[in-house]
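Below you will find the structure I want to go over with you.
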Amino acid sequence: MAKSRYEYVKNFEQDLTTLPQTWIVIRVDGQAFTKFCETHHLEKPNDLRCLNTMNKAAQMTCLKFTDIVLAYGQSDEYSFVISPNSSFFNRRQQKIISTVVSYFTSCFVVNWPNDIPLQYPPTFDCRLVCYPSFEILHDYLRWRQADCHINNLYNTTFWALVKGGLTEREAHNTLKGTTSAVKNQILFERSINYNNEPEIYKKGTVIVKPYLEFLHEDIFHRNFFMTYNILV
Amino acid sequence: MAKSRYEYVKNFEQDLTTLPQTWIVIRVDGQAFTKFCETHHLEKPNDLRCLNTMNKAAQMTCLKFTDIVLAYGQSDEYSFVISPNSSFFNRRQQKIISTVVSYFTSCFVVNWPNDIPLQYPPTFDCRLVCYPSFEILHDYLRWRQADCHINNLYNTTFWALVKGGLTEREAHNTLKGTTSAVKNQILFERSINYNNEPEIYKKGTVIVKPYLEFLHEDIFHRNFFMTYNILV
Amino acid sequence: MAKSRYEYVKNFEQDLTTLPQTWIVIRVDGQAFTKFCETHHLEKPNDLRCLNTMNKAAQMTCLKFTDIVLAYGQSDEYSFVISPNSSFFNRRQQKIISTVVSYFTSCFVVNWPNDIPLQYPPTFDCRLVCYPSFEILHDYLRWRQADCHINNLYNTTFWALVKGGLTEREAHNTLKGTTSAVKNQILFERSINYNNEPEIYKKGTVIVKPYLEFLHEDIFHRNFFMTYNILV
Amino acid sequence: MAKSRYEYVKNFEQDLTTLPQTWIVIRVDGQAFTKFCETHHLEKPNDLRCLNTMNKAAQMTCLKFTDIVLAYGQSDEYSFVISPNSSFFNRRQQKIISTVVSYFTSCFVVNWPNDIPLQYPPTFDCRLVCYPSFEILHDYLRWRQADCHINNLYNTTFWALVKGGLTEREAHNTLKGTTSAVKNQILFERSINYNNEPEIYKKGTVIVKPYLEFLHEDIFHRNFFMTYNILV
C-alpha cells in the first residue's frame, strides 16, 4: 500500500498567507437568511432571539481564538478583527477562514433556541480582508455600522407601514428614495420615536477583548477605542 | 450617515479564483478530533455513530451543492470533488471554502446523535486544492484511501493490544516500524481477521452523484469510475 | 550595523508558485510599439528587420532557458511555452516573469539593427498564464495565430489603400466591418494576392525545441506537434 | 478564422493586484553578475562605469514611471518605491514587475559604456513586495543600505588583501568571522582609511523625486525624508 507514491499530490496545495503587519478582518455572513428568517417565522424587522444567538456565537468565537481583538456584528453578519502582529495560523488564509466560519457556525447551531425547531442547517460564508492601517480598519467598522443604521431605519419603517395595513409592495414604493428625515417622520406619525428603538438594533453589537461583554455603541468616534485602551 | 464615504474599503477584498478547467478538491478536516473523541467517550478505533454523522453531513453537502460530483470520507475528514467545468461561486476560493465548511459543520452538529450530548461545538478546517488532470485527482483519492487503510490497520492493531492488557505506550512500542504483515499476524493471534473488519473502516466511504448512497469500495481502480459512468 | 535587525522585512515577500503539472505560457508584448514603429520609421504593415530582431531575441531566450519547449511570435509579441513537469525557478511566478522578460528585452536591444539608431529604450511587458491541458494550450496558440492572420490581413489591406491614395481615416472607414473575402478582393484589385504574401507575415514564427529554427507554419493542426515529436 | 472560438483562453489569466494603500517596492537584481563582472573584466571591488550605468538606468526608470517616488541602488540591484495611494497599472503585479524590469534592462543595455563591448545580454530579475507602513518601508531601505555597507567593507578589505599578495582563498580565510573593527584595521595597515572611500561605494545611491539627482547619503535617519519633504 504505497501511500508515499501518491503524496506528491500535496505539492498542489497553495495556501496564501496574508500580508504581515496588516489588520485582518474576517466577516461571516448568513447565506440566504431572508429565507431562513421566513422559514423559522422570525420577527420583523429584528428578531432578538436570532441576534442573541449571533452574539453568543461571536462571543464564543472571540473566546476560542485569542488573536481576535474585536468583533462587530449586525443583522446576519459578524466581523472579527485580528491584530496586525498576530501570527494566527501563520496567517494562512484558507486555515483562518475555514476554522473561524466553521466554529462560528457550530456555535450558532448549538446555541439556537430550543423553542424554534431548526428546519434545516444554517450556512454562513466568510471572507478575509487585510487593512494596512488602523484608519482604514476604522473606516471598515464605520462602514458596517452605517450599513446597520441605514438598513435598520429602512426596515423599521417598512414593517411599521406593513403592520399599518400596506402591502409589502406598497411599503417599498412609499419608501423608495426617501431621506432619513422622511422615514423618521413616517415612524413618528405612527407613534414610533426611532431614537427610542433598542440600541442593539440601531448600533449593532461590539465585543472588545478582554471584556467580552456586548456593547451597543458608536464605533464612529476614536475615543471608543481609547476608552477600551485597545487597537490604537 | 454617509455610508458611501466608507465603501472604498471594499477595494481591499482580494478573492482569488481557482484556475478554470481543473478539478477542485475541498477537504474538510476535524480540528483536534482526538480530544473531541475522548471528551465524548467515542469508541476505539472507530465509532460508527460519529462516522455515520460524518457521512450524513457529507451526503447533505453533496445534495445541496450540485457542482459536487463525488465525495470521499474517512476518519474525521471528507473530500468533495467539483468537476473542472463547474463555475461554482464563479470559482472564488474564499466563497467556496467558507460555504462548504460552514454547511458541513452545520449538518454535522444537527445530525449529531442525541444520546451523546455535545460538550462543546466541534470545528472543521478546510482547504481547497486544484488538480489539472483526472489522473492526478485519482492519485489524490488513492492517497486518502491509502491513508485510511494504513491508519485503520494501525489503530485496529493498537487497540487490540490495549484491550489485551498493554498500556498505550507499550502498544506503540510494539507496533513501531512493523509491516502490514506483522500487524495482520498480531490481529490473527487475537482471533481478529482484518479482512473481516467492516468495509466502512477499511475503505472509507464514497458518495457518487447522482446516487448519493454510501459505498465502501476501492477507488484505486479506474473501473470504479467507469462503473459509475462519471468523471473520466 | 545591525543588518539582521531589518531582515524581518523579507517576511513580506509573497512570490506565488504556479500550479504544478500545468502548461506555463509566458507572453512578452511590446509596450506602445505603434509609437515605437513610427519613431523609428519602420515599414508598414510589417518591418522585416524588426521581426527578425524579435525572432533572434526569442531564439536566444529559447536557448538560454532550457525549460522552454516552444515559442510562437507575431507582430510585437512572443509566447514562450514551458512544459507541465518543469520546475523552472521552482515555478515562482515573479522570478519566471521578470527573468524571461528582462533577458528577452536585453536580447532585443543587443540585436537591434545598427542602421536604425534607437531613439529610446524599448519596453516589453509580460504575463504568465497556466493551462491545465494540452488542448487548451493548443487553443491558446491557435488564438494567437488567428490574431496574427486577422491583423495581418487587415493591415495589409489598410496600407494598400493608403499607398493607393486614401487617407488613414478613409482607409479605416472603407474596411470597417468588411469580411476577409472583401479584404482579399480589395487586395486583388490592387494586384496583390494575399496568398502570396510572405509566410512570416501570415503565420508568424514558431520555434520548436531542440531545433531552434524559424518555422512559419500552421499550428492549428495537431500533426504539427506530432511532426516535431513534442508536447503531446 | 474563428478567433473568438479561442478567446476563452483569456479566462485563465490571473493577474493579482497588490493590496491598496501599501508601499510597493520593486527590486531589480542582476542575475549571475559575478560572472558578468569577470567576463567583462570589471574592476574590483567596485566598477564605477558599471555603477554609473545602473544609476543612469534607474534615473531613466524614475523619469518614465511617475508613480515611483524614490529609488535606492547598490551593487547590481536597485529598489524602486511606489507610494501607497498610487494606482500604477491598477496595481497589477505582473504588469508592474514586467514593465519595470524590462525598461530598466533596456536602459542598462542602451547606456552600457561603448568601450566595454558586451559579451552577452545582461539579465535582471525582479520582485515586488508590499509594505503596509512607512516604518517598515524605512526598515527595508535601511536593510538594503546596511547590506551595501557590510558587503563593501568586506569586498574592499578582501581585494586589498588580494592586491597585497594573498590568494583569494587566503583572503577569505583571513576575513572569516572578523568584525568591522578588524577589517578597518586591516585596511588601515595598508594605508586605506575606509572612511575616505567614495560615498557611492559606502552608501549606495538614492534618487528622490522630483530631483532625480544622485545622492550618496544615509537613509537611516528619518530627517533624510524630512529634508526631501517626501514620503512621511
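Quick notes
As written, the chain order gives the labels A, B, C and D, with residue 1 at the start of each chain.
Keep in mind that, in the parts below, a contact is a pair of C-beta atoms (placed from the backbone, for glycine too) under 8 Å apart; a residue touches a chain by one contact, two chains touch by 3 or more.
To keep track of the chains, here are their UniProt names: A, B, C, D = tRNA(His) guanylyltransferase.
Quick caveat: nothing in here was measured; it's all calculated off a predicted structure.
With every chain reduced to the mean of its CA atoms, the largest distance from subunit D is reached by B. Of all residue numbers seen at the subunit A-subunit D contact, over half occur in both copies; the interface is built from largely matching residues.
Between the Cα centres of subunit A and subunit D there is a gap of 46 Å. Here the CA centre of subunit A is 49 Å from the CA centre of subunit C. Each chain gets one centre point, the mean of its Cα atoms, and the points for subunit C and subunit D are 30 Å apart.
In subunit A, the residues that touch at least two other chains are 12, 14, 16, 19-21, 130, 136. A complete topology is adopted by the chain contact network, contact being made between every pair of chains.
Contacts from subunit A toward subunit D in the complex involve residues 19-22, 84, 130, 132-133, 136.
Residues of subunit A touching subunit C in their complex: 11-12, 14, 16-17, 19-21. Residues 1-3, 5-9, 12-16, 28, 31, 60, 93-95, 97-99, 101-110, 118, 121-131, 136, 139-140, 142-143, 146-147, 149-150, 180 of subunit C touch subunit D in their complex.
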